[in-house]
């Protein structure tokens, strides 16, 4: 992960993450950006369930282009509040979206058109605060948002970048297609015979994927269908600690800055309490051709 | 099938079919419309590999809204030619599209917006012949096309309308979402435990599906991954027979009008020569949640 | 007054807004429970739609901290992209949506974005999420909110999710908003309802143990009261049993209504 | 002249247009074979994209009557929706496309729609399919066509897939067309090439056994001939072996070029 972030996420980059909404959030990638002290990032996502809040608190972020920033089960994002209200640790620019409009902004980039129209956002003050969304002729036009890099965490991938993800996908597909590059982190690194056995489950074209990182637990504390439940207590703990600057900084030191990599982090998690143990296997599809 | 067509495909309906392009074409549904002597249909699809040609030849069609009408491995559609060039058996209105623009027309309807923009079709005379596509401010705007009903053939479905389709999907998803109603025909009618074991493979929301027809071989002569190869000889045979009006009418009598239903039709096909015998099962995905 | 929390009452009341056969856009927190209760009682053929990219019939078999938790995926009727779920809503196929709010005004407009000047807000709230989409596109919707003077305000500082706008007749239609707008605001003290044609909200029922005066005192404008105002029906035993089955530890129904 | 059909030569020539590493939008018929030949020789890391909704690296293991045939799906790198494939092309990520045509003119414009007045056509052709999309959006493209006077015409009656338009410099850019346009027309008699900046096509090589005069005679306008016109290199043994492996019965390479 360190190498992937080093190579493909420079200071100032526009980074799309948390694209499946609450599940499959690439926390390991975000923590690595923090360790590498990235600056001036623009974060793009629908909601972000604490990851964006952490990067904002760590001072990595210049702008957030998102529909929601906070902690889904706990409420407000304290670092987000401090940045917006008091410029702590640094001021933050916010491009407000709704969930649908951020999806459309990414579809616009994926299809390489300047904007896409929608009936959503009519009558909302989001039209006032986001310079990239305007109302005209009774429709709303959402400007394209093109990430430099989209980062997705998935259940399994092969070394060539073919990623199998399942469960709800949120805006993963449009974000990956819109992005110039995609980094995949995965619970399991598998042989190509596994991924190619089911080309319908391959999330994105391998031509977009520049890095594959085998990072078990890389989405913790968010859930991974078939692998991990959501670690609600961890989110609650983060919400409590991040209420104050001091508390957040101590949390960051304990869980990010003072941790060398994801495998060290996972050793400190009670993995047994969140591991999914009972399989529910999908009925096989037969791709036979002769 | 007879009941589904009777109830949901009235004269004058706008019907989307052949949405996965060459595979999974719902020929059985088209043949049933022909037997029920539907009139004034508007057919919507990308290409149609002989099915649209057959319905046009049978006099069921008022308008075609498509990117291509013919016989993919054999070339021209003879009934289509006769209808356009000589009004035989009746005149035909054509709304030309490209593959991309018909997809966008359906996405526009799916998202309930009047049109979607694209950089495709700039410089093409398709802009001249299709009143629903116009160029403005350096972009092309493709008007929404909303089918009354989309008909898809899939590998398996349950009685509640949850359809599992695999292989390339063409424009099946946008057409199904855009349509007011969806009819599913399937190779296998399975228990809900099969379809719900893999909700990612469910093609369309069941709230759109008004009919499920268990119709093995319903896509013949088009291919069905895991079930049937494409019957190239059948397409060639059709191309030869349909060169003349008489030949086409004799073909239609032999393969459609004189056949009571799909199971009778399939008895006349050398099924063994096209059946796929070797399984290539997709690697299982684990939807475990606890 | 039987033994239930204010949140349990709110869930029970919210569940009654769900009609049988409805396609419900289920927001997080209390609406997830409301959906589960409705499915288990008067709305056995309702379906739930989740912006994460899911459709369900049966409520999830396990506790949900978020709509993307694994129990909400297992057995789903459709696992897909958010934009497909939004497509259904944009077509007017979603009968009912739920939206939580930090601030609501007399015309049902919700603010979940900024208190104060957006450029220098006093309080930065998390934002729309799917709220604005639901408010504009679903056929009808309901807000759940803690009944406090600072939350029920005369005029919200920022309209994240438009209700009935400036309250003038036909405001939504005139501005091109697809759905019919908010029908009710369910608070910790009362149920407020909008006239069928939109406009200004009005106290319909007051929760057991509370009074109209208390409701008015805790509202930031001169709130109208229905002539036939009555007491909100308490949760039935069956409703309570369902709530407690889906929130066994009281994560949602035995702590503060608006977390954070 | 060794033993090969005109179509086999066309396939070999077309395969040479594929550079290693290219993402190739593979049309039906001969281009499918051209892709297979290229992957097996000079372009081992090329990838193919199919509008039906597929990406592949290895050519299909079995005969393809259409790009949607089961052997083209087995082992694919991606099975998806057409609009996703088109998204890549709209981003300029497709290096090379192939388009078949019924009529092509001196500026590379293709007609696959109408001969005569579109309202009352003399011949109704099948239409664009993905042709217009490839012509406008791919970085460069190549046409395969049977060399006949009625097919190589001064000016096509209908531009389905725009080439270099009216031939004026910068026509494509001026009209907002994303890709660079056609680079070559591969016929049954010759290879015609466009100048790098677009404009009018010119005979580059003539196929073995044919002459420049024959080429000119069968062309509907006063076709330019390159000063250094030469003979088209015949298919190598390896190319022929690959072609015959992927078209064992000569379905595509031992019958008429344009079927129907």
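We just call them A, B, C and D in the order they show up, numbering each chain from 1.
Here is the rule we use: a residue touches a chain if its C-beta (ideal position, glycine included) is under 8 Å from a C-beta of that chain, and two chains touch if they have at least 3 such contacts.
Computed from a prediction, not measured in an experiment: that's the story for all the values here.
Listed here as common contacts of chain A and chain D: B. When the partners of chain B are compared with those of chain C, the chains appearing in both lists are A. Comparing mean CA positions across the assembly, the chain most remote from chain A is D.
The mean-CA centres of chain A and chain B are about 37 angstrom from one another, to the nearest whole unit. Inter-chain spacing, taken between the CA centroids of chain A and chain C, is 27 Å. Here the CA centre of chain C is 57 Å from the CA centre of chain D. Of all residues in chain D, those that touch two or more other chains are 54, 69-70, 73-74, 76, 79-80, 83, 86, 90, 178. Multi-chain contact residues of chain A (touching two or more other chains) are listed as 111-113, 118-119, 139, 166-167, 169, 173, 200, 225-226, 229, 276, 280, 287-290.
Here the chains touching each other pair up as A-B, A-C, A-D, B-C, B-D. Put simply, chain B touches chain A in their complex at residues 111-119, 139, 155, 164, 166-167, 169, 190, 194-195, 197-198, 200-201, 225-227, 229, 276-290. Taken together, the chain D residues at the contact with chain B in this complex read 28, 50-54, 65-70, 73-74, 76, 79-83, 86, 90, 113-114, 118, 120-133, 135-137, 158-162, 165, 172, 175-178, 251, 258-260.
The touching residues of chain D, counted against chain A in their complex, run 23, 47, 54-55, 61-62, 69-71, 73-80, 83-84, 86-88, 90-93, 178.
By the touch criterion given at the top, residues 110-113, 162, 173, 177, 196, 199-200, 202, 204-207, 287-290 of chain B touch chain C in their complex. For chain A in complex with chain C, the residues that touch the partner chain are 20-23, 46-47, 49, 66-78, 80-81, 83-85, 94, 96-101, 103-104, 107, 118-126, 128-129, 138-139, 166-174, 222-223, 225-226, 229-230, 232, 235, 239, 276, 280.
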